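The following blocks contain the structures, represented as structure tokens.
Shared between the two complexes below is chain A, which pairs with chain B and chain C, respectively.
For the complex of A and B:
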């Protein structure tokens, strides 16, 4: 498996799209930090990049990369290698490179300009989000043989988690606003890793105005530290479950 | 060496394999022959664990291959269409395959075909820049690289130039004499006549006969393999 990771890394590090991603991230983070006098304002502006751009690039890049290396995967399957090792090898390779891109593009500026606890939480939730969307991308990719369809599924997932889900959540909250909804809200926000990432950072930043309803409920219910522990654990589940399902499907897939 | 028992595979509505029984032994060169889409490639992919069969089993050297991957150390495979990572250079590809299969060879890698096809001159080229024929040469060289006991060649000479296919045929003969089992699919009868000793004829996912070439010829009374097969199939159709 380590050899597979090595070859995937070798392949990805020469990839221009990944380079463009790093440049985009560093431009936006350096730009936002330099424009805002207040560092925490810079971070809250960067939050938008984190919650929208990072998931999108992670899921799309991974899906496209998976289908582009389909030949490589086929070649490996004919070799005496376990399918689970092959998929996990490619997964780790892609995940590591996207994490590296994230840490260079956003991590470095945050450590330079901010360096506070909030910054570290920002980086932690960004890393988790990256891995979650890489996992989801693998799930989308093994579901179909067709590249266009795979990318379609990935786009839908991204759309769902960044936009549609919040719309549904808002509708539910609005429709049942006469009832006590705290517990339901907590449960519902666990169903969306992007929400969890947002709540986690805002709990640390303590800007209640930006927290929104779900964040406020989290804060009230768990207090900030327990809330953070819970959101981190749920996010880890979000990393593990999609890739586990993808592995099960891939084991039985006809290539 | 390889026993296939009642192998079945269905893709959605299409029944690709309907219970195939075949046995292959070391020292044989078996040709899998049949119309397009008759299930030859599916059969090969089942042998390699790339396609998981729905029913039946494959015994490789006494062990069921289900859930096993180590048996593949003893198989070399040349796919019908060799597809490789686009950006990878040829030399790097060979280096990577050797690295991944380090423990598969006892002494030396079998690089005879790399030398005979003069692939080293093109080691610096990325795989996407290669012609179809050159890619076939790479596939062929890779399938023999680990000096495996079983070699599976899916339409090996399609797209190869006459010189290269002659080199490949000689290599097949040489490996056969060394006591290896070679499975080959092809549509070119004259070529199979040269290299193969038996023919398994597959139609719509069934092996309708499996005989040595000498038998086929004497039964039909024809000298040329193509005509002999035609006769045999015609007779089979009449008796059915």
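For the complex of A and C:
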């Protein structure tokens, strides 16, 4: 398995797309930090990058990489290796390289310019989001054998988590607006890792003062150490569950 | 003299009476400085307490106090004297009651360190308390660790200038820095106030000038006034106060060139206006407040040439405001420019600069060709559904605002700036 990880890392680090991703992230983060005199404003603008670009690149890059190295995987399957080890090896390789890209592109500027609690929350949530979307990409990839369909499913998943889910949520909130919904929204936010990451970071930022009563309820939950443990655990579940399902499917799949 | 006698005999008779009257006026007129004595208070001399000096003094005298520490409690000044501290003598109230109580007109208190008043939840204990005196001057004092700093009740005419007031920093027990009740024509200039409940508090105080003061880090409001008409506020700074500045139930006030900044917190305002009418708010800067201006029940308020920078909500205007005008203001970097809670809005916006405006200017008259709607669709949704604030900074919230620009009919609030400025407005 370690050999597979090593090989995948070696393969990806030669890849120009990953380099482009690093450059994009560092350009946007350095640019935003230098343009805004106020560091917290830079972080606030970077939040959009974190919530939209990072998941998208993670899920698309992984899916495309999976299908591009499909023949290599088939070759590995022919060897006396456990299938779960093969998939986990590739998963770890891709995940680690994307994490490295995230830390170089966004982590470094944040540590240089910010270095506050918000920054660390930002990096923690970003890392978890990266791993979650790599997991989801593997799930999308093993569901089908066709590259185009795989990418389609990935795009749909990304679209669902960044936009459609929130749209549905808004409609649900409207439909049940006569009821107190603050506690419910805490639960609902656990169903979408992007929302969870956003709330976790927002509550640490100045802007949370705008959130009124809802913000107070959120703060009570996410501000407590129990709340932080719960939300990080939920994020970890979001990492584990898709890849676990992908493993089950991959083990039984007729390649 | 013989010539006068020659001209009119009766003049000789009247003249001495005039002379006596003139002498009497000279003797008893408190403002006549010709006869003012100077009494020096110094430890080790005959007049070693201020109390003794005051009992010796007559109206118009100057009492100079040498540098030392004097323990006083409820020092009552009932004569028109000038109390002047040399090199900041310390008046210590030993945490008992009021320090100085003024019950006379034409009193000046200058150059003291006044510290440690009593603290009470029932009685307002102050560093300097003025009761029914006119023309009172309080100049250049350092007031520290008092419940109320300067307390004026029923005072006509006066100056409060160059004082530094720092309160006891207790959320529950501290009083107001400068407290005016039923006082008129007071000039409050260049004071620094911090650590109090309200920095400056006015109730029924009219025709006052408040300029160049700094009020910061107070627990409640930097400036708080009610029922205080015809006052002018210029060049003051209100910074990082618990809830910002609140002005209520007042008309004919002018607030110009003030700075309201860093009043940040879930129930904090740069400037809270409640039932204010016929007033002018111009050339002020509102930066980094949760709400720049919060308006409730205002009418005919004119806001011009103000800068709203990096606020959470630049302006929150409830639907009961009417005939207010916003012209030539800059709105830059605010999360929400304008929020309101009704669909009809009877106020008037014109020629403001909005950084979120994405229109064009084909005829180059520096006015945008399409109207700007400052109330965003997402803020309207939050208004109907407070828990939708959950989606703050999410992709869908941004998308909703973009959609509203493409399809203005989605928006239900009828509030436009018909001639938004293309460039930042410089006064």
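Details
One rule holds for everything that comes next: the second predicted complex is superposed on the first by the 237 of 255 C-alpha atoms of A that agree within 3 Å, B and C clash if a C-alpha of one lies under 4 Å from a C-alpha of the other, contacts with A are read in each partner's own complex, and residues count from 1 in each chain.
The rule is simple: a residue touches a chain if its C-beta (ideal position, glycine included) is under 8 Å from a C-beta of that chain, and two chains touch if they have at least 3 such contacts.
Worth saying up front: this structure is predicted, and the values here are computed from it rather than measured.
Counted by residues of chain A touched, the larger count belongs to C, out of chain B and chain C.
By the touch criterion stated above, A:146 is placed in contact with neither chain B nor chain C.
Of the two partner chains placed around the shared chain by superposition, chain C is the only one that A:213 touches, whereas chain B remains out of contact. With both structures placed on the common chain, the touch criterion links A:72 to chain B but leaves chain C unconnected.
Once the two complexes are overlaid on the shared chain, A:163 sits against chain C while remaining clear of chain B. Shared-chain residue A:195: touches chain C; no touch with chain B. Once the two complexes are overlaid on chain A, none of the chain A residues touched by chain B in the first is touched by chain C in the second. Residues 3, 7, 11, 14, 68-72, 74-83, 252, 254-255 of chain A touch chain B in their complex. Put simply, chain B touches chain A in their complex at residues 11, 45, 48-52, 69-73, 77, 79, 83-88, 96-97, 99-101, 104. Remark: chain A residues 38, 41, 44, 47-48, 51-52, 162-163, 166-167, 169-170, 173-174, 177, 181-182, 185, 189, 195, 198-199, 202, 206-207, 209-216, 218 touch chain C in the complex. By the touch rule above, chain C contacts chain A in their complex via residues 264-266, 268, 290, 310, 312-313, 333, 335-336, 381, 384-396, 398-399.
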